[in-house]
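Following this message is one structure expressed as structure tokens.
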Amino acid sequence: MSSQVKRIGVLTSGGDAPGMNAAVRGVVRTAVNQGIECVGIRRGWSGLINSDFVQLSGSSVSHIIDKGGTMLYTARSLEFMQHEGREKAIATCKLLGLDGIVAIGGDGTFRGALALSRQIAESGHKLEVVGIPATIDNDIGCSHYTIGFDTACNTAIECIDKLRDTMQSHERCSVVEVMGRHAGYLALYVGIAVGATAVLIPERTVDFERDVVEKIRRARLAGSTHYMVVVAEGAGSAIEIGKRIHEEVGIDPRVTVLGHIQRGGSPSARDRETASRMGYEAVMALAQGRGNRIIATRDGRIVDLDMEEALAMTKEFDMDRYDVLEALTNIGN
Amino acid sequence: MSSQVKRIGVLTSGGDAPGMNAAVRGVVRTAVNQGIECVGIRRGWSGLINSDFVQLSGSSVSHIIDKGGTMLYTARSLEFMQHEGREKAIATCKLLGLDGIVAIGGDGTFRGALALSRQIAESGHKLEVVGIPATIDNDIGCSHYTIGFDTACNTAIECIDKLRDTMQSHERCSVVEVMGRHAGYLALYVGIAVGATAVLIPERTVDFERDVVEKIRRARLAGSTHYMVVVAEGAGSAIEIGKRIHEEVGIDPRVTVLGHIQRGGSPSARDRETASRMGYEAVMALAQGRGNRIIATRDGRIVDLDMEEALAMTKEFDMDRYDVLEALTNIGN
Amino acid sequence: MSSQVKRIGVLTSGGDAPGMNAAVRGVVRTAVNQGIECVGIRRGWSGLINSDFVQLSGSSVSHIIDKGGTMLYTARSLEFMQHEGREKAIATCKLLGLDGIVAIGGDGTFRGALALSRQIAESGHKLEVVGIPATIDNDIGCSHYTIGFDTACNTAIECIDKLRDTMQSHERCSVVEVMGRHAGYLALYVGIAVGATAVLIPERTVDFERDVVEKIRRARLAGSTHYMVVVAEGAGSAIEIGKRIHEEVGIDPRVTVLGHIQRGGSPSARDRETASRMGYEAVMALAQGRGNRIIATRDGRIVDLDMEEALAMTKEFDMDRYDVLEALTNIGN
Amino acid sequence: MSSQVKRIGVLTSGGDAPGMNAAVRGVVRTAVNQGIECVGIRRGWSGLINSDFVQLSGSSVSHIIDKGGTMLYTARSLEFMQHEGREKAIATCKLLGLDGIVAIGGDGTFRGALALSRQIAESGHKLEVVGIPATIDNDIGCSHYTIGFDTACNTAIECIDKLRDTMQSHERCSVVEVMGRHAGYLALYVGIAVGATAVLIPERTVDFERDVVEKIRRARLAGSTHYMVVVAEGAGSAIEIGKRIHEEVGIDPRVTVLGHIQRGGSPSARDRETASRMGYEAVMALAQGRGNRIIATRDGRIVDLDMEEALAMTKEFDMDRYDVLEALTNIGN
């Protein structure tokens, strides 16, 4: 099949996630192999507004597959959310002669891409956009998996394993806040993986007595002398929860906010592999004439979905996992 | 639902895999919570033959979720492959009053479980068996994922990242042999994740000129001065391949056989989480009266399958991944 | 030489440090090899008060050399600081027939040991004590190195390397608080190892304009777009420093408090090796009739010092390192 | 003090070691701060012969402190060992107007530097050379510590910890070959740190019955069912030793050759810190008019030594460590 696409842009936008570099590499190398020129847009949409770009060859993306962060930098652009901002971006697209853009990021990134594509269509031009889901929160409705989630989980469990060493030695309670302002995927996954005493997530209303106090008590009765409470940032502040544990259980917890550590680090095998394949599929979609798509994982496979439909999808939170967590952390009698 | 199952055994058999401990913990904790007693059988099927066991409470499996290896030890038993060997195992099952056994391992382990279950049925007794797939090779036909694969991939890429540091500095070629006597899942996944120059797997006939020599030459022409060749052990010996590269390309590769390092290490988040849920589902199947099952991942979900049917399943090797690898390691022009 | 010492106790006290287990193993194995019985006292001095102990054989300490924390647990005991508390401890020593105690911890631990030894001497009995310095702060006057420091440094740089990935991608400033209430060893060492823009330590009066604002400005002028500020907890709160940077430089830093993560983790090669040798030397000192000693590293060698003299020693903070830091983070023009 | 030195070269030569990049950064940044220009010579001495160089500013060495390998590449040069080869190198030095060279590597590197310095002096010119010891083998006579050793030790113990997981599960013997053709520093340090059953080093004649067979037997009698034998490559081939264990003890060991993995990886805190300070001291020596020096650690401090004297120094192997190893791995009875 002969591709109409001659030159594409690639950018990373929103919060960075480990594996973004692997996705950029996947896009660039596949493009080169398909005879498509590739331009790296720096600092997300604002780079498109400000003509902040760099031409990329196959070797431009050597030695980045194992690096955290994003070589293209990332940013959030208020200007791009305005019609005028996007007009400037369109001017850059026209100047560079871009036929397509691969945008790596989250829902906000994809909505920006769609708005750009529509606005450019109004002017009689055509720009195909393809989104690649990358966020450590795993909170993108259309895709079961998002790039960066696995690395963030591994980073969190490595930190919590270290905390457990010292909590066990001192027979203390630890309260750990992990990322997730609107979603508890990371907290629940990590909670299961470290055998947490309790996990608090935004998807489930917290009953402090039932969900924290009683769990610590049962662990104590079963012989445990240290406890690990994992909190998604959207389910409450670890500091506040630590205080309340002190008040209601009479023990003095140590509080840790993992913070931005979870965003960095060399990507895991899963994130590198998934990102590489998603980058490949994004360009193949463009090369095969399928635009306005989001690359997603569904039922363990990588597929591409219509961007508008994909943006309307929601992902049900798997509450079964909460049952598993509760069964496994209940030490019994 | 009231469960007929009163007491179950749990064992790990065959090659060990990171996450086996998390699976054992999942089995024991779920059993305790379902009011089912749990007996740990040591050293796989030979422990059942030799009455080598230990009673397990909820706290017996504390602090193992993050540990590699298996607290129950593992072994391969020739004796259990014989009718007489299984008779001895049946005697232990009857003595201990086991209603069910959860066997964690690979296809051989499951076939043993099925043979045991049938032989015990002939004697008028009933023993329900459930298998949990755990092997770093990911080569179990019925399950898309097997416990230990993710940790092994991460261990391999961490080792290869280190090799790359020194290969880059010296501008050398590295040949790395990873595990996989009959399957290239690990080699191909790892190869994509490290951006290997070439990957050799047993599922694809090796044409040395096309698959190795030409790939190194194209990388060199594109400006690379170091090369990474990943070999599944079933696709050839790294030492032999290193020699042949020396003869045919005139460079002197450094050969590394990763070996048993790939079997160990603290399990990754994915392996701990999957193993925990599989352990839970194994006991829930028994508690709900579903015996002779294998817990498997299909299309991103955990399901239980009829053991006999599951053992007959084959998994098609995803050759698309090989195309992705080739596209991404071809630096272009 | 025939040893008069027949039975010794070993305990860990104060804040835990990675490598304490390796030191315990070193003490126990050496004692066993010298024909000396060994009793593990749990939870530091309070275990001696409460007769909380366990007899240890050579195999009791198998598989702990690579584990963080301390298998003997640790605690701080107010009661032991009182004469009456120590009387109870002395009763336990007499009951168990201990000739010596190896106390692993910091200065407070050693002062407790000395007080105990003196008080027991007043009663006409003899108890030889030996201290092994273990604290991640490296703030023990008599020893150039303390067990746990190296692991804590490595943990801190791994976390900061991850932070750097995301700070670079977003072109942000990061403020990281590391442990060290009274000492800047960890902060300065880590600061050099990560190439920090600025490091604040308690040993050096902070001039915010000179030590933070100006350093960030010079890095910016030299082309940097992200900055890493490392703060010892004794030199100020990272949150406050972050606010002040925002006010005075106009950028919005991300603040991370590493906290107790720094105390845990599998000990590094250096901590395992040093702890093993110090455990060995502690028992050899007792076996050779040298009591009231602290095992210390001086000029790269392990020696034993008189405990009273050692407790009076102070360690000069090596301000040259600060000059090195400044030279190396000044990117220049 | 006003420096006579205006422009220096920096190179890495021989086998690469983690921390070489941190040393290069230390040299370049210190030079810039002293007003000295800095030229990076690529691929060791052969780069000086072939005029393969790059001018380095302060920002040229940003983001390398945490990277393994060497950004300047390294090589071994036969040509430089000849008078004519060095003549070409001298021509480059004169062309570039170099007053000094900082050579990072091992003894061979330093001997090359000294030969160069003398040969250039014969021609009436002056070139001051300073050596920085960097080799994972720690086998440089004049310096107690060499850059890269700590990282290599940590890499080795992480690999061996993983091996132990699987060896324990299968109750097997593991034979691990670590680097060290002429020196057992790495093997012995690592052996103590992992609690090896036996360690074979080139500095001590191996009595197989006493040093391997008897140790495995005593461990077995004390209750151990797995064994870890660490071999320095200079003390024998792990494969041969594995075969002999099979013959003489009747168990079937698993053999692992760690190989070049030990050379790579992000440098440890200790290697980054030491390398940074050594780089600083190397330039300060030149700036202060002290040439023909080797920067070394002696008694825990960094000093500079006359190069000729330093090259004549030998380091006594600390056999006490072998006693410690033996005491601690003898589990006793």
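Read from first to last, the chains carry the letters A, B, C and D; within each, the first residue is number 1.
Methods note: contacts are C-beta pairs under 8 Å (C-beta built on N, C-alpha and C of every residue); 3 or more make two chains touch, one makes a residue touch a chain.
Values in this document were obtained by computation on a predicted structure and should not be read as measured data.
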| item | value |
| --- | --- |
| Mutual neighbours - chains that touch chain B and chain D alike | none |
| Chain whose mean Cα position lies farthest from chain D | A |
| Rounded Å distance, chain A centre to chain C centre (Cα mean) | 37 |
| Gap in Å, rounded to a whole number, between the CA centres of chain D and chain A | 40 |
| Interchain centroid distance [CA atoms averaged], chain C/chain D, Å | 28 |
| Of all residues in chain A, the ones touching two or more other chains | 161, 164, 168 |
| Which pairs of chains touch, using the document's own definition | A-B, A-C, B-D, C-D |
| In the complex, chain A residues that touch chain C | 12, 16, 18, 20, 67-70, 73-75, 155, 159, 161-171, 174, 254-257, 259-261, 263-265 |
| Residues of chain D that touch chain C when the two form their complex | 22, 25-26, 29-30, 32-33, 57-59, 62-63, 65-66, 144, 150, 153-154, 156-157, 161, 164, 168, 189-190, 192-195, 222-224, 266, 268-270, 272-273, 276-277, 279-280, 297-301, 321, 324, 327-333 |
